[in-house]
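Letters A, B, C and D mark the chains in the order given here, with residues in each chain numbered from 1 onward.
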């Protein structure tokens, strides 16, 4: 059976690569008029720590999403309209990540931090949902999947994304009261996904 | 017969992927000076709804154009100068979509909404024309097409793009008087293309 | 003999695709504060004609450069450090095109038009020189070329790029006195390249 | 043994291509309000020499990093989580290069030049470390490498990156006192890498 999804994967890879690289456009150098010497430059850069935090967090989040995207598509051999648009939804949300990133960069260190973190964690809830949707559609019709895939592998992959949902929801929920803790949970989730992505390899391949 | 158009397709896919991702650069975070707390941030974001609408509409429009672009090129095996430049025209217009998108984002909610919507629907008229032109050139000389293609498939593809034209023209025409209705028609067209793209699959492949 | 240059070509194609798409970032929508209604929006957009001219001209210039880049690399099978860096120089200049484009967009319609056009035509002189350099390096050592290539084909390709040089130099030279005529020559050259690219196909392939 | 890293390489190539092309976004055309005629435009452009220097330096730095990235991955056939994230770190730093480039462009010609150059040379220290880390991980477990690779080739590649470290550190160290000399060393290193990349070819392939 020929794999029909090569082109969707290539297009998606390109969108992931562009989205991850465009994040840097939110690192703004100060104007020469406001910064006169090395000390002022250093002090300006220190004040930008939320920007670096947001950039780093979003970069590795998109990187891990890309790894997961590829893992899912390794199991998908055919495509239909539903898969095309579930994937389109993922790409839409991944592209949009730079906007909550900019909000986090500007407002994490201030009175609007709860809303900024809620929007930031909120988009990861949506992305998690769209990954669950993609796998639901793909596994619903076994004709779309790699012929040799086992039922237990299908369930393991489903659980992998499904179990992420409550954690993202918790991070989202508490961000209104404790934005710093919510962001810390997001970072821990990132480390968890990074480490677990190595283990899941065995199931996927 | 070897397919000569692989490289044009790859280049086009890259341009589509970049154009669709660059749209996000028009989502601007407010400056920390104008927004002091979470309530003000939420209120600012609510005021940006035209930006989100324009971003979403253009993202999925370019996504569907990309799907259609690929479908046409599945039938084209050889290339000549005319095909190269008809395709160049499509890429030019797809790249340019972000500009009417920005105009729509800023002016849909105000006194310039008719002009903003007219320009926005206008570029889709032009893109529809350029797809028709590409298929006219390709189908005019059957040596350029996939050898096994039938005449009825050629006509079905032609009609698929030709029938879009009057609808885009109607949306363009009424946008001067009823911009909201014109935009609603564009959105319905988007849904129609998305759904029909699944049906057309049978013809194309 | 295996083609060693696939990866350079893919990387170059990506840079061309990004450079051509980034041009759109210089189309700026007016702020809602300065434009109140449809008439003012139309009048603003009319005043932006130099921006559209520069965008269109640069888009199709890069598009044709990409076509030519691919044609040259169809003949190159091996690579060495000199080819890598001659190609790097081409990519550098192609990437940089957006800067003279922005200067042309802002200053063609004013007292600085001669300098703006001189810089704009100047970068095409440099790009033409870098294409000549690439072909000089590649054809200097026939071991780098496609084994079946004939001497007459090598000379025809060389002449194709060499004959462009005086015309670009003339456009550059007269831009200081007659910027409009210089730009018109650049546009005619564009049409010439577009048309001739069809004829050269026979030589290259 | 099948090469498992094709997709990581393609994704990395895309990120390199985008990062190198986005550098041009820091070349800003002056506004038509501040520049009235050709003489003022030329004088403005002359004052921008630090921007051109930073753009050129960073463009060819990323270009050479890309060449080296590809050379390393020619030797890597399998992947594990550690390689994925060492590579992710390289991509993160390469993407970030545009920020120190913007700082260098704005502050090299002023009282903050030592800090600007220190940050600029500093990111190359980090990138060198991340390349060393990638090769350390890859060569630590010979099962990840191309089966035919010899021990002496492994050591030569290791030394190639390891010997760069002290030079980058020296450039970083003296940039606090002598920023111009530190930048000159960085440029010489660039030329050295460019020339040596030709020689290393024999080892790598």
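Everything below uses one rule, namely that a residue touches a chain if its C-beta (ideal position, glycine included) is under 8 Å from a C-beta of that chain, and two chains touch if they have at least 3 such contacts.
Please read these numbers as outputs of a predicted model, since none were measured by experiment.
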With over half of the numbers shared counting as same, classify the subunit A/subunit B interface as same or different. different
I'd like the angle of the rotation relating subunit A and subunit D after CA superposition, in degrees, nearest 5. 90
I'd like the Å distance between the centres of subunit C and subunit D, where a centre is the mean of that chain's Cα atoms. 26
On a C-alpha centroid basis, what's the spacing between subunit A and subunit C, in Å? 37
Residues of subunit A touching at least two other chains: 14, 18, 22, 25
Answer with line, ring, star, complete or other to describe the graph linking chains that touch. ring
Kindly provide every pair of chains that touch. A-B, A-D, B-C, C-D
If we count contacts the way the header does, which residues on subunit C are in touch with subunit B in the complex? 13-14, 16-18, 20-25, 27-32, 35-38, 40-42, 45, 55-56, 59-60, 63, 66-67, 70, 194-195, 197-198, 201
Residue set of subunit B touching subunit C in the complex reads 7, 10-11, 14-15, 18-19, 22, 25, 80-81, 84-85, 88, 91-92, 95-96, 98-99, 102-103, 105-107, 110-116, 119
